[in-house]
Amino acid sequence: MKHQSAPVHQLPIRVYWEDTDGGGIVYYANYLKFTERARTEWLRGLGFDQSKLRDEAGVLFVVREANIRYRQPARLDDELTITVEPQSHSAHKILLRQLVRCGEVICAELQVELVVVDAATGKLAAIPEKIQNSLI
Amino acid sequence: MKHQSAPVHQLPIRVYWEDTDGGGIVYYANYLKFTERARTEWLRGLGFDQSKLRDEAGVLFVVREANIRYRQPARLDDELTITVEPQSHSAHKILLRQLVRCGEVICAELQVELVVVDAATGKLAAIPEKIQNSLI
Amino acid sequence: MKHQSAPVHQLPIRVYWEDTDGGGIVYYANYLKFTERARTEWLRGLGFDQSKLRDEAGVLFVVREANIRYRQPARLDDELTITVEPQSHSAHKILLRQLVRCGEVICAELQVELVVVDAATGKLAAIPEKIQNSLI
Amino acid sequence: MKHQSAPVHQLPIRVYWEDTDGGGIVYYANYLKFTERARTEWLRGLGFDQSKLRDEAGVLFVVREANIRYRQPARLDDELTITVEPQSHSAHKILLRQLVRCGEVICAELQVELVVVDAATGKLAAIPEKIQNSLI
């Protein structure tokens, strides 16, 4: 397990009607959408498009565990910042910390465990070496 | 084009938090989810599971056109009834009328054009004969 | 009814995993999410935040009718452009044409009728004059 | 904190196209939708509709923490069973264990912490006594 002092990746996300619920706040499942978008852009920033990983390398990134702490609700029109902070990785998993912030306020805090599976069989696979190397 | 006097298929659907938005009503895109669920159960009732159609016949049903009229908002905890009323079909498309009702109130009214595509190429394909026959 | 030759507003949208379905393409209801985001940014560009309209003017924009033609599927990682093209408006409704494009390809084409309702009663209301004027 | 030996509540849920993603499996955020539906029906079974709690008691149930372990993917047309198993509760929170099963296979396992907030202010509130009593 290598521990990271990698730079924190950020993605800005605007809250739209689709994200809110009848309680007037962002629906709790949608934080998983926001954080997935940020992870996708973080991987893209490292040079890896997931559609290509699937089509060319035959692998998919999937979340094996997610722990979410909801701190403050986000609301319609809020401008959120989603961070991706790699914490450690091995050949088979990547641990990330992610924050959903609105200005200085932390709306939600996540710990995410990413693994890679074979797209055809669904079985656990090694993280492609190129990606492992880009995480060092 | 054969015109139908087929029985109307119905699916009950409960409105959950995920379906509502910050306006306190069901988010407008979610009516397309509800009506898709009803079409899926209608096809299943005719003997056709779409996962099998994809895996065994290599075809997917897709919507080519949808016209929606929103009449009255649905709200959290409402018990909706979604109908599927085949109106006509040919070898290449099926026209359906669908209603989203809450009790006697019509919340939304749709006209949907369904076609079938090859799952691999995305190209238009004929509706499998078995399905065509079951629509007569 | 005033007919417009207004400039076309555009919003870029990236396709993420959340937008796709098991057919490998963007789920058909999600085009309504994309086009709603574009309308929200179009209104914001005119000076109107919908959260403020709700909290200060007590009104909500809602879609009364949407007609969608699906032309070509969009896929994971696609970079879409969503346009908003006002076609005409009266004191009570706005008609828009919207396109979802991927490069030069038109993925979907919509006609949308927007109305304004009182946020408390849900009853039809006049479009605030400021907004009407900004549409001329 | 009272520890429960309450009966396990169950909700059957069918997987539709809307639930799947381009990887051919249920999108990871949607397990939070499924488990929320099951919690809603569990509360309804105890006699509490959340729309009435909001409108009459002015309170909302919200999730403060969710820990999810994804074990096996669910797929289109799967018939899932979602369980709600209260583990303990105090005046301010309820801890639940929830499973998403497909037949005998556990697809996902969750620990959820539910709290109650004032619908107007968003501030933490006591769980209504009637509900506390129904949990004993």
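Just so it is clear, A, B, C and D label the chains in written order, and each chain counts residues from 1 on its own.
Here is the rule we use: contacts are C-beta pairs under 8 Å (C-beta built on N, C-alpha and C of every residue); 3 or more make two chains touch, one makes a residue touch a chain.
Bear in mind that the values here come from a model prediction, so they are computed numbers and not experimental data.
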| request: Tell me, please, which of A-B, B-C or A-C gives a repeat of the C-D interface, judged by over half of the contact pairs matching in residue number. | output: A-B
| query | Measuring between mean CA coordinates, which chain is farthest from chain C? | reply | D
| task | Check A-D against B-D and say which one is joined by more contacting C-beta pairs. | result | A-D
| field | Length of the line joining the C-alpha centres of chain A and chain B, rounded to whole Å | value | 33
| query | From the C-alpha centre of chain A to that of chain D, how far is it in Å? | reply | 23
| request: Could you give the separation in Å between the centres of chain B and chain D, each centre being the mean of its C-alpha atoms? | output: 28
| field | Contacts with two or more other chains, residues of chain D listed in rising order | value | 17-18, 22-23, 25, 29, 33, 36, 51, 54, 75-76
| What residues of chain A sit close enough to touch chain B in their complex? | 17-18, 20-25, 27, 29, 75-76
| note | Interface with chain D, chain A side, in the complex: residues 22-23, 25, 28-30, 32-33, 36, 51, 54, 60, 62-70, 73, 119, 122
| remark: Contacts from chain C onto chain A in the complex sit at residues 14, 16-18, 33, 36-37, 40, 49-52, 54, 75-77
